[in-house]
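Chain nomenclature is as follows: A, B and C, assigned in order of appearance, with residue numbering initiated at 1 for each chain independently.
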């Protein structure tokens, strides 16, 4: 018999890295920037967080440094896309390559050592799990209720209009990219500092790419991201849990399901918008486009 | 105050000068990196950029540049057509995988027949598979307005899982001792994509890449559709008045780039890779996006960019072998090269002037 | 590619003499390795690189080693192998199953270079294979698991349904059952060799099912980290994972490829190398059992070590009858042992494992 509460607690932990990365990417995309470099920023966070936790003995300091490092490594992407007008898709892919290489290179000194264990918080869950959950309403509030969030959404929806109103499109976007990097960094560090307690090359193993799918699934809302993280994380946790209970599951087909669900959600929302002409809801209007101020 | 003024036409001088400057900047920054890591920067850079072309084993590595670059060029040429029109297929990786699977499916179904039609049929099946996978985002965009960027990306993940399913299930080699992966097509003469001229490394994929570059150049500069594509990209509204149907363009561009990516997948799986495994997608579809931009979305530029990237891969291997440079160092170096090439491109598209008005 | 043309085209512009059949005694033997992962993966590739270092230590100036790391299986393998051969290596060790067909192709072009392919089954005049009998190690850790479990539920994090992994599951189960008739085995297929987050999820799923001892076939330390948090135990895999000792890692099964590489290079140096199918176990030193820590009671440790020594001495085969297959059909009669052919194609669980094998 599978205990649903225990399963849910497992899910909360398992979905934390992708939840952080996807919440960060959500803010970036709401500002109109598509950053495909999530995997690269996560792995840099995983390394810097681990190294800090190992040398300082303080895991929480590790997460702080991971956030900083994630934001820093996103900087070349911000410069390329915001000042040098480089294509966002190509620059993001280059960032992934760069981040994976950088982390592998600087990770040599901490190979094979073990990080200090973290004390668990309420319900036996790591404090960072709770932080991730707290970020959901915080980002919801920021995007929907704060003035800065309103400006950020305006920049993402129509950068020319936002510029005409006197907002600094570039500054908003650079801040969003840095925030996205910081969140991805924390998500990566959760894998190394809280889950594995060791550093290994390539240890994020594609989590950054899942985060990108989750943002699409979310329909660009914070609550949607939480639902998406639980769906994508949940499919993995549930199929492993069923296997452990001796149930045979079609693993390959099941692992395809969340991606198909994401496409269906995207199509449904796009269609609703197209046929009913309702405003809002789907992808930010300026997502992925270069912004160049003509005046 | 510095100010950027867009050029109406890309500068011919800067188009040639910027890649040279970017490579030079990478050599400087990369040389610094190598020096910090304790390697001789001069020999490291010579090993990566010079030795594959003119070094002791260049007789082997020069043709291998073509082999490595061919799939990148094939995919990037198709993608660039869509990018010119503002149609963003970033799911070429998925179309590559599906093309490899559908192409290999023909071979595995025909096994062990030895008719002449098998390989051509595989190429067609590969192209059709990639085309069909590319048409999904095209139709979803045309019918429902769903973003082709996101749908095509999502379909990459789906394709990767289909490949794993195939490798462990329907396509598993019955004589493979229970190990995952299909039969090796290299060992099935009617279905293999071998070296055409001994010592050149060139297989049908290289031939296809060269033909594609020429055809795309012709399409974009001489054909009315190429004109439509360019018009749609630069002035969408004017293009619509001129009778360009956006829906047709979306289907054309995604279908074309999908078919080329699918063909690339088939050539690789029947040639260098040999078999369908769960790792049949090696990231060419994503790398090709970078190649398309490094090549300024122009067929000749893409040809050169594909070769440059292949050079860093093969040179990177040589640097590992002769200088014991870790693979990660080579990866960082490649990342730098891409950053610089993408960044310097600014100069071809914008003029830098002082701000005159307050 | 035609070999003569290839060599002619290369030799025309090189001073490297290709593949000399008998190198001069004062020139070191060049030994090349090709790795599927980075040397820093802490598992599979790391252990192969330790083997390379063992060769350097053993033979000193008489050998010169190089390696190519992170070479994906598939499109790049054949070129990387050719580069290693062109660089003048006299012997090349290819350390992943997926390189198999590429090794055979390249070996045909370089008949004077010796190749050894790890975990494959194709051989040629200049291609040998080598592999480890990892199931021998799992007989030992299975014994410890059977003795240590309090819930009588042990778990196995499996990778892919291939013979090597199925042998491991069966061997662990048989020996746990032997010392603890009430033991149950839970199997989870992770479909990955290395994905820390997923391996952690798999460990947690097993523990939620009441499992308190986990054997893993995947290569990261993530399951051990989860076991530690819940006070349960497990075993190191691929490498010793000693940083998790004395608990949760109470012992380990790791690959000591150096034992093979030193022997193989030695044979090349004295001219007695033959293309063989080496399948070595504990006795050959290829499969090693890491130190059994003080978390294990002394009598259990003694029992496990006795089993290890009997296997090493060839006195005991982990697959000795009577054994039935999971479907109830008879497999091995009393005292009968499994043949290598049966093991290398193994596609069934033994009786008592309450799980279906994915087909």
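Just so we're on the same page, a contact is a pair of C-beta atoms (placed from the backbone, for glycine too) under 8 Å apart; a residue touches a chain by one contact, two chains touch by 3 or more.
Please read these numbers as outputs of a predicted model, since none were measured by experiment.
What's the farthest chain from chain A if centres are computed as the mean of the Cα atoms?
The most remote chain is C.
Any chance you could check whether B-C or A-B wins on number of contacting C-beta pairs?
Answer to which pair has more contacts is A-B.
Could you grab the centroid distance between chain B and chain C? Build each centroid from C-alpha atoms only and quote it in angstrom.
36
Let me have the rounded angstrom distance from the C-alpha centre of chain A over to the C-alpha centre of chain B, please.
27
Counting only residues that touch at least 2 other chains, which ones in chain B make the list?
Within chain B, residues 164, 168, 326-328 contact more than one other chain.
Mark out which residues of chain C touch at least two other chains, giving numbers and ranges.
Where chain C meets two or more other chains at a single residue, that happens at 38, 191, 358.
Please set out, as single numbers or ranges, the residues of chain A touching at least two other chains.
Within chain A, residues 104, 108, 201, 252 contact more than one other chain.
Mind pulling up the chain A residues that touch chain B in the complex?
My answer: residues 34, 36, 76, 79-80, 84-87, 89-91, 93-95, 97-102, 104-105, 108, 201, 209, 212-213, 216, 252-253, 255-256, 259-260, 262-263, 266-267, 270-271, 273-274, 282-283, 287-288, 292.
Where on chain C is chain A touching in the complex?
Counting only chain C, the residues touching chain A are 37-38, 40-43, 155, 186-192, 194-198, 200-202, 204-206, 208-209, 211, 220-222, 225-226, 228-229, 243-244, 354-356, 358.
In the complex formed with chain C, which residues of chain A make contact?
2-3, 6-7, 10, 13-14, 17, 104, 107-108, 111-114, 117, 120, 191, 195-198, 200-207, 236-237, 240-241, 243-246, 248, 251-252
Hey, which residues of chain C end up touching chain B in the complex?
Chain C residues touching chain B: 1-2, 5-6, 9-10, 12-16, 38-39, 66-70, 72-76, 78-80, 82-84, 86-87, 97-98, 101-102, 105, 121, 160-163, 191, 344-347, 358.
For the complex, give me every residue of chain B touching chain A.
Counting only chain B, the residues touching chain A are 4, 6, 37, 88, 90, 140, 143-147, 149-151, 153-155, 157-158, 161-162, 164-165, 168-169, 286-287, 289-290, 292-294, 326-336, 338-339, 342-343, 345-346, 349-350.
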